[in-house]
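Pasting the structures in now, so scroll down.
In what follows, chain A forms one complex with chain B and a second complex with chain C.
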Partner chain A sequence: MSSAQRLMDRNGKIHFFSEAPLENIEATNKQALAALDLSNGKIAVSMLMKGFHFEKSLMEEHFNENYVESDKYPKASFSGQLDEFDASALDNITDSLQYSAIGQLTIHGVTNDVETVVTFKSIDSKISVRTQFWVKVDDYDVDIPKMVISNIAEEVLVTAQFSFERS
Partner chain B sequence: MKKRMIAGLIFIASVIILGGIYLTTNTKATTIYVPAKTLVQEYMSNEKSADEQYLGKIVAVSGAVAQILSDSPYTILLEGGSGYVQCEFKDEPTTEIEEGSSITVQGLCTGYLLDVILTNSKIVTDETN
Partner chain C sequence: MIKYSLIFFLGLTCFSLIAQDDLLSMLEDEQEPTQIFAESTFKGTRIINGHSVETRREANLDFIISHRFGTLNSGSYELWGLDQSNIRIALEYSLTDNLTFGAGRNSFEKTYDGFVKYKLLKQQTGIKNIPVSVVWFSSITAKTLHRFDEVKTNLNDKLAYANQILIARKINSALSLQVSPTYIHYNLIELDETSNNVFALGIGGRYKITNRLTINAEYFPQLSDKGGQYQDAIAFGVDIETGGHVFQLQFSNATAMIEKGFVGETKNDFFGGDIHFGFNISRAFQLKK
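Here is the complex of A and B:
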């Protein structure tokens, strides 16, 4: 594991939010693993589904048992590529730096292509990285019973935030 | 009438007491005590079988503090030999944790990434072991 070529965050934050008629649903996972390969701009993110915490424990239970079936599919992951990435640009970020990223997102055992914009910022000795994109629940074969469908939005907004120690 | 009421009250009280005893002993019984080294080893050699044993369970993991990873939320790494156990705390512990000291952390095991991961963790003192 060469630290010079790879930036790593073992407690990255993944948040998802969905606005629904009855109540908003949101959860956060603060132990996601992210790695950025400086030599080629490849990114890999993985997280444990049981690590998503909701305000209501009943929601957390439904999420794990009925929707994402986290005993069967304990992880979600993203592996992708930053477009035209140049590691030397990270050394002198003035305000912020943006790269578009394409990759594959796997949730509930189903993989789909995802495109997003990743923003890099320089904060003290750290590089802060943030991205946001929409995920359609239906694309990942997550079955929501008709009875509750009006209470759950079909799309959720995912925000990922990582902090890398400069090598 | 009065006798019936008293009998009823006794019945309700015993249900509450027995229920309480059941719940407390039940949660205690489901806590799995394991050294950090063993937990990491088991996950590294066979993640699937380790998941069957630990995923979604309350585990009490003992080991030396390798690193304090973050203050908010309070997150530490326990030394596990060839890997670490990452423990995210529910509340910041009241006793100060020092790198190198041996502690036991109880939390919910959510699986394995680069580290074995515990959430909703807290320190358990030796007396309760």
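Here is the complex of A and C:
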């Protein structure tokens, strides 16, 4: 188990988007940490909630203060397993390679099982990894008051993009 | 020798097993220590009448409409003050995260105001620890209401200046406290007034009831009195936040909504029931990314 079998990205991008009647809600975190263990196909992602940046600064403040309570729950994380992962397949990706993944997603101190499909691509010396899934806000005890419920969509589309240097 | 090798080997295996099972905790250890800033010490840029240490972030334009109605003890004929109202309309633009300029027009005494607010220190923990946020505030105001007597005044006579150092600490996520030492200079004072200068100590705070609702209180005891007819400003209020708006409702003995007015020229007696109901509504616009 040498560390060479672990690939790591310190600048992973996590983006979420939700279309709402009044204004779209969208933020990006460009400092997510991600690791992939080539020996067993385990994946882990960790990020700081305050690393999410919005176009509207007041929206960012309210996101941290009122919705995800970043002071109380500073991090979100994912810990999962790629199904039937074979590290040697990464060495000769022709177009793209897909694995299904299952794992636990923790946001706002609440953990739920998540299933998603992860796409691997080979770009120069790097392996690019991308996945997309829906998160129901309600599943993570994020409280949206009735007064503003029409402003905020109840489901958000999460896109994660990582780039690993080949070891 | 073999024994030692075995222990070494077992140790290594154990270590790698733990490490392998806990890819996530390995990752969390990689997280670099971050500086944590105290965000949202107050919901609004005002505690009630006076400025809070909050400044909006770069390129944010706040459009603020504030109302103060007549006094509650004016009776049913005046609908407990709702028939009268004075209003301040203002635009406040944040050039950077730390620097805000604002300009407003007050219907009370037809006064124009302009201010600058600069964040000198931000409360933070981490590599560097700063226990309080400190903000400098200065304003200039021009009262353009025509005089009812024969005294001729020029522009200079109409001006007053307010200067404050706002010092606040977010003690925990619910409680924030602020002191606001204040100095005001009036270029022209009336015959029954004693001094062109007023020193006051503002004290204010907020307590968070829910994530979107806080109760606020504020008191501006004057350390020097401009004249016997004046009272210290007292105010109680709530902040309600709904998405991109902050809605502030308050009860105060102050009629004016700017420092030179509510700190030094409040005439109403709070405990005599001369209390104005009022509100501030702000809408934020992000002018660029």
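The criterion applied here is as follows: the second predicted complex is superposed on the first by the 164 of 167 C-alpha atoms of A that agree within 3 Å, B and C clash if a C-alpha of one lies under 4 Å from a C-alpha of the other, contacts with A are read in each partner's own complex, and residues count from 1 in each chain.
Following the convention adopted for this analysis, contacts are C-beta pairs under 8 Å (C-beta built on N, C-alpha and C of every residue); 3 or more make two chains touch, one makes a residue touch a chain.
Predicted model, so just to flag it, every value in this text is computed and none were measured.
After superposition on chain A, the partners chain B and chain C collide with one another.
In the superposed model, A:40 makes contact with chain C only, not with chain B. Once the two structures are superposed, chain B and chain C can be ranked by residues of chain A touched, with C on top.
In the superposition on chain A, A:83 makes contact with neither chain B nor chain C. By the document's definition of touching, of the two partners only chain B reaches A:30; chain C does not. Shared-chain residue A:138: touches no atom of chain B or chain C.
With both structures placed on the common chain, the touch criterion links A:55 to chain C but leaves chain B unconnected. Judged by the touch definition given at the top, the superposed model places A:10 against both chain B and chain C. Contact with neither chain B nor chain C is seen for A:165 once the two complexes are overlaid on the shared chain.
Contacts of A:71 after superposition: both chain B and chain C are touched.
In the superposition on chain A, contact of A:115 is made with neither chain B nor chain C.
Clashing C-alpha atoms with chain B appear in just one stretch of chain C from the list 75-83, 111-119 or 219-227: 111-119. In the superposition on the C-alpha atoms of chain A, the part of chain A touched by chain B in one complex and by chain C in the other spans residues 8, 10, 33, 46, 48, 50, 64, 71, 75. On chain C, the positions that touch chain A within their shared complex are 16, 19-20, 23-24, 26-28, 30-31, 34, 36, 39-40, 56-58, 60, 173, 211-212, 241-244, 284, 286, 289.
The touching residues of chain B, when paired with chain A in their complex, are 51, 55-56, 69-70, 73, 75, 86, 88, 108, 110-115, 117, 119-120.
Those residues of chain A whose C-beta lies close enough to touch chain C in the complex are 1, 6, 8, 10, 22, 33-35, 37, 39-40, 42-46, 48, 50, 55-59, 61-62, 64-66, 69, 71-72, 75, 77, 79, 143, 145, 147-148, 151-152. Per the touch definition, chain A reaches chain B in the complex via residues 8, 10-11, 30-33, 46-51, 53, 64, 70-71, 74-75.
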